[in-house]
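After this come two complexes, each holding subunit A, first together with subunit B and then together with subunit C.
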Partner chain A sequence: MADKEMVRFAIDGQEVEAEKGTMLLPVALEYGFEIPHLCYHEAVSPYGACRLCLVEVTKRGRTRLTTSCNYPVDEGIDVTTDSEDIQRARRMILELLLARAPHSERIKKLAYEAGIKETRFSLMDVGDCILCGLCERVCREVVGADAISFISRGDKRDVGPPFADPIACIACGACVYICPTDCIKMEERGDERTIVKWNRTLKMQECKSCGKPFAPLFQLNWIIDKVNLPKDFYDLCPVCRAGR
Partner chain B sequence: MGDDGKGDGMKVRGLEDLKKLREEGLTRIYPDQVKITVGMATCGISAGANRVYEAIREGIEKEKLSIILAKSGCLGFCQREPLVDVWRPGFPRIIYEEMTPEKGVELLGEIFNGGLKKEWALCRMEEEVLFFEDEPLRYKIESGLEDRDAIPLYQDVGFYRKQLKIALRNCGYIDPESIEDYIARGGYFTLYKVLNEMKPEEIIEEAKRSGLRGRGGAGFPTGRKWESCRRAEGDKRYVVCNADEGDPGAYMDRSVLEGDPHSVLEGMLIGAYAIGAHEGYIYVRNEYPLAVKNMGTAIKKAEEMGLLGEDILGSGFDFTIKINRGGGAFVAGESTALMASIEGYVAEPRAKHIHTVESGLWDRPTNLNNVETWANVPVIVEKGADWYNKIGTEGSKGTKIFSLVGKINNTGLIEVPMGMTLREVIYDIGEGIPEGKQFKAVQTGGPSGGCIPDKLLDLPVDFDELTKVGSMMGSGGMIVMDESTCMVDVAKYFTDFLKDESCGKCTSCRDGTLRMYEILDNITKGKGKEGDIELLEELAWVTAEASLCALGQTAPNPVLSTIRYFRDEYEAHIRDKKCPAKVCNELLTFTIDPEACIACLKCKKLCPVEAITGEKKVPHEIDQSICIKCGTCREVCPVDAVRVE
Partner chain C sequence: MKKAQLEKILKRYDYQDSDLLAILQDVQTQENYLPRKTLEEVAERLAIPLARVYKLATFYRTFSLTPRGRHLINVCLGTACHVRGATMVLERLKRDLGVKAGGTTKDLRFTLDTVRCIGCCSLGPVVVINEEIFGKLNQEKAAKLLKEYN
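== the complex of A and B ==
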């Protein structure tokens, strides 16, 4: 893995180049190809759960449907981003997802673009969660708190704090930001912040200068501990600190 | 290391030591006194073998008989269990079926008097096939036992006649806890040959030419997998045995682990040597305590004797094996999920764009094979690829173990050459359908297999033929269904299992199986609509095409195969609101035949909505306006007087 090996291949007939082993989806997006996707985010590792980013890859004469977010690119592959089969699969996947997340603007828009106006399936009472796992990955890989995980399998699969106890959640809001269906709500009331979906409420630190609550105390102590910062590091809010 | 108090004297260093152990084993298996063996695999135990064993043990003790009592694995004919096997010098070996503690004690008296107890016998054996010898082992039988002819020979029993046991070669013949027994039947001699006379490349070549394909379901060529793993770059390599066996009702791997664990160890040792691996794992589901126990004993004995560990048989080759206990999820048997689980993560499949033979356990080259695959290996290497590849069909060599269950006269574990027709399996080995009913379909391949109808009964059973007709080999489940089975209900049953067992990661698999299930459920409840079949087909397509692992990719088989061969049944449910097999209660009208009714009040008492009128001596009647079609009356009627339309 020392030096970068570049590979050349084709997307919809156009020749492209990328580092060997990078995932196909970001390369294609970079080159301006449109591939709908929901469980991919450049901040976290690819997972391949929503199955929306399907493309057709021909490699050594064999063509098959595969998800592009976790497909490592290779020399000479031939990628198609919009065949009849791809559209057919996308339509059904979106119809399935629409029944899970009927209130999500992003899902509704994607479905509409694929020609799906409504779903034939009974709506599910799952709070619009599509189980994409972005919240779980951002919490574990980026934040490092590892406060939520997948629970159960099959149609009972869910995401949330293990044993319904959000003890490790620092209420930083990264999951709120990354969730594609906006189903994780954050509320701030007085000096308290609540991550509604995980049922976590934490007291906020008030800025010693301006008096405004700016971040959960638990989170700040967690960072101080983790990165070994001076105890008074977060006495001021970012605004006051910048102005000092 | 190695200093376990027993000293190095126990270590097998060469051929002479192996031969000595074989002699010991032979006198254990064929002692010059009476030996009674009880089949004590899980199947035997659940039929009551423990109590039979105890009764015989007490009987021997009480009468101070000089009889050896031993345990063995499963001979396959699970339906006739408990099986008791009697070895007497000068006699044929006789296998007694459906034994009870009382019969066990009585048998002791009969043996004491030199009798045969013909009426309890399933069969007799006068010889055994040993793969590692050219000639079968013929027992010496005294003259004057002519009346033994009343007991059929093993090879004349319908259930056994067409079987060929390679992977199951020792099951039921040896005490699985005795390494000497295994060695007596030729075990570990192949390993000796491999380590001393063969190059790894030669073994891989042999495996490739044998045509052996993985028995875990996908049928991947074993030799090619070994070769890729050997060639892959890495500082370390692993071999793994997949003993997750998550298919409900399938127990071929359990049977091998319980009845002949050393065959798997020897297979893994040979594979590891060929691949260049020094560490192995056996991933066994937690619900298999006896398999774990017997395998644990086997590993310990092999370690003590220097057949596992460092410098095996003095060859300089090192190999250790650890047992890993799986939590029992069906999906944990999938290769990448299994490896995640061994590493301590949740058993969830991951994308396989980089193969596990290159980057598997802890990102190292890893070769995974199924229990049955491993158990075949010593025989293939010993007898040679040319011997093995003459068994079976063009594309599928050797034999396959099936668990034959359902509406069939003989149920049990069978091992047959690839290419045997379904008809031979069902009518010759299985001896047909009970109660004179009609055969309807056979479901092969486990929960995500397909249903094969009667017009395809002459299909030769192998990997490719089963796939062609919309089913699959899978792990080797075979469920026979008769005319009283509703195929929509069957599809619903398997889809229900799959929707629960999907890991839930892929939208297409998780929600695809769920929605197929919901539609099937509606159809069986009379709520089917025009267009349901097409929607099922569309969901099936997406589930198969868009899902990540083979669970999702094969999950539509039950739905698609039943639509393909039994479309009229779907249509009858949807259009006419009728269940032709009279299974789906919601689509039936329940009436009581006044001629047949004995007016026993049973159904009247148990009907949850009091829809049944009548009293003693007055035939009962069902008020259709109240009946909720729960089917209770039909279930409880002692004389089958409840009619359905």
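== the complex of A and C ==
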């Protein structure tokens, strides 16, 4: 395999090194720079939706504001992670996000830290979803269930299962975990698990040893099918399996 | 849509999922909308997730998930048409057809929709019915146009 091409560049005056073509945000975070971000997660591809990870990049004498999560690093670029322009843009973005997701603790905290007391925009009733696409990406790229996607566009844009019918959802909860605004809720009642936003309720498998329901049967069978596991692989819950 | 008809379309694109958009366009042209069952079959035959098909089908305006009328009326509401009275033309058509913008008449004769400029502003207000463009309209003229279509 060919050697990885490394490039050197500067973040806030500090010399850093990274493999050519990697995205700027993870490199900056690795080096300990703090850049706020909502729609980026290391497990999935970058998307550039939330716009919070704005930085200033100077390349060949030209400076521009750009999202760092989907900016491939290059030799000799000069990155500024905090400037007045960045702060101004970020405050506006946070106000807009706050109007979409007024209940989100994470956005409230970010807004507070940026010095925003309240948003000037009228609050939207969209259940705190900021359309960052993390749930959609994790479902497709990590889980592989492809149960949800973006729907429509413009002001009608939404995310959900096709035809509002969550037939491919395995209720694994990856979307619940990754959602930055906690707008996808999961409930477990008795031996049933519900992903509230997708309206998916599945029966859970009971552990053959301790009797506790631990994961949706549909999900377990789906995994067994996908990676050719023995049929009885998930008879025991993770706790009992570890104890054997 | 009959299975054989869909199969013919899919074959035309060699069952390539990269041609999904073209496939959906052909289905839309033939059926005048994208039936849920057909979309499910497309997903199955191309071995791609239904979510991906649905995402595309809901993104583009050329597609409709509900049956469209035999004739598609697009009223231009671009700036030029707007200042020349396109809203009044639209209001008249809405009243005569008894539907809202984006709606379809019960007899499936017309679907009324709006667009934001079709690039012939000197003719405004403009209405496009199917592929045909009618310019310099007013309420009266627009209402008369409907008679030509069955």
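Couple of notes before you dig in:
The rule is simple: the second predicted complex is superposed on the first by the 243 of 244 C-alpha atoms of A that agree within 3 Å, B and C clash if a C-alpha of one lies under 4 Å from a C-alpha of the other, contacts with A are read in each partner's own complex, and residues count from 1 in each chain.
The rule is short, and it goes like this: a contact is a pair of C-beta atoms (placed from the backbone, for glycine too) under 8 Å apart; a residue touches a chain by one contact, two chains touch by 3 or more.
Computed from a predicted model, the values in this text were never measured in an experiment.
Judged by the touch definition given at the top, the superposed model places A:122 against subunit B, while subunit C stays out of reach.
With both structures placed on the common chain, the touch criterion links A:148 to subunit C but leaves subunit B unconnected.
Looking at the shared chain after the overlay, A:184 reaches neither subunit B nor subunit C. Contacts of A:202 after superposition: neither subunit B nor subunit C is touched.
Contacts of A:25 after superposition: neither subunit B nor subunit C is touched.
When both complexes are overlaid on chain A, the residue A:162 reaches subunit C alone and has no touch with subunit B. When the two structures are aligned on the shared chain, A:96 is found in touch with subunit B, with no touch to subunit C.
Taking subunit A as the reference chain, the count of touched residues is higher for B when subunit B and subunit C are set side by side. Of the two partner chains, subunit B is the only one that A:131 touches; subunit C does not reach it. The residues of subunit A shared by its contacts with subunit B and with subunit C are 150, 152-153.
By the touch criterion stated above, subunit A contacts subunit B in their complex at residues 47-52, 54, 65-67, 70-72, 85, 88-89, 92-93, 96-97, 99-100, 120-122, 130-131, 133, 150, 152-157. Only residues 329, 331, 346, 348, 350-351, 353-354, 499-508, 510-515, 518, 535, 538-539, 541-542, 545-548 of subunit B touch subunit A when the two sit together in their complex.
Note for the complex: subunit A touches subunit C at residues 140, 146-153, 161-163, 168.
Residues of subunit C touching subunit A in their complex: 36, 39, 49-55, 58-59.
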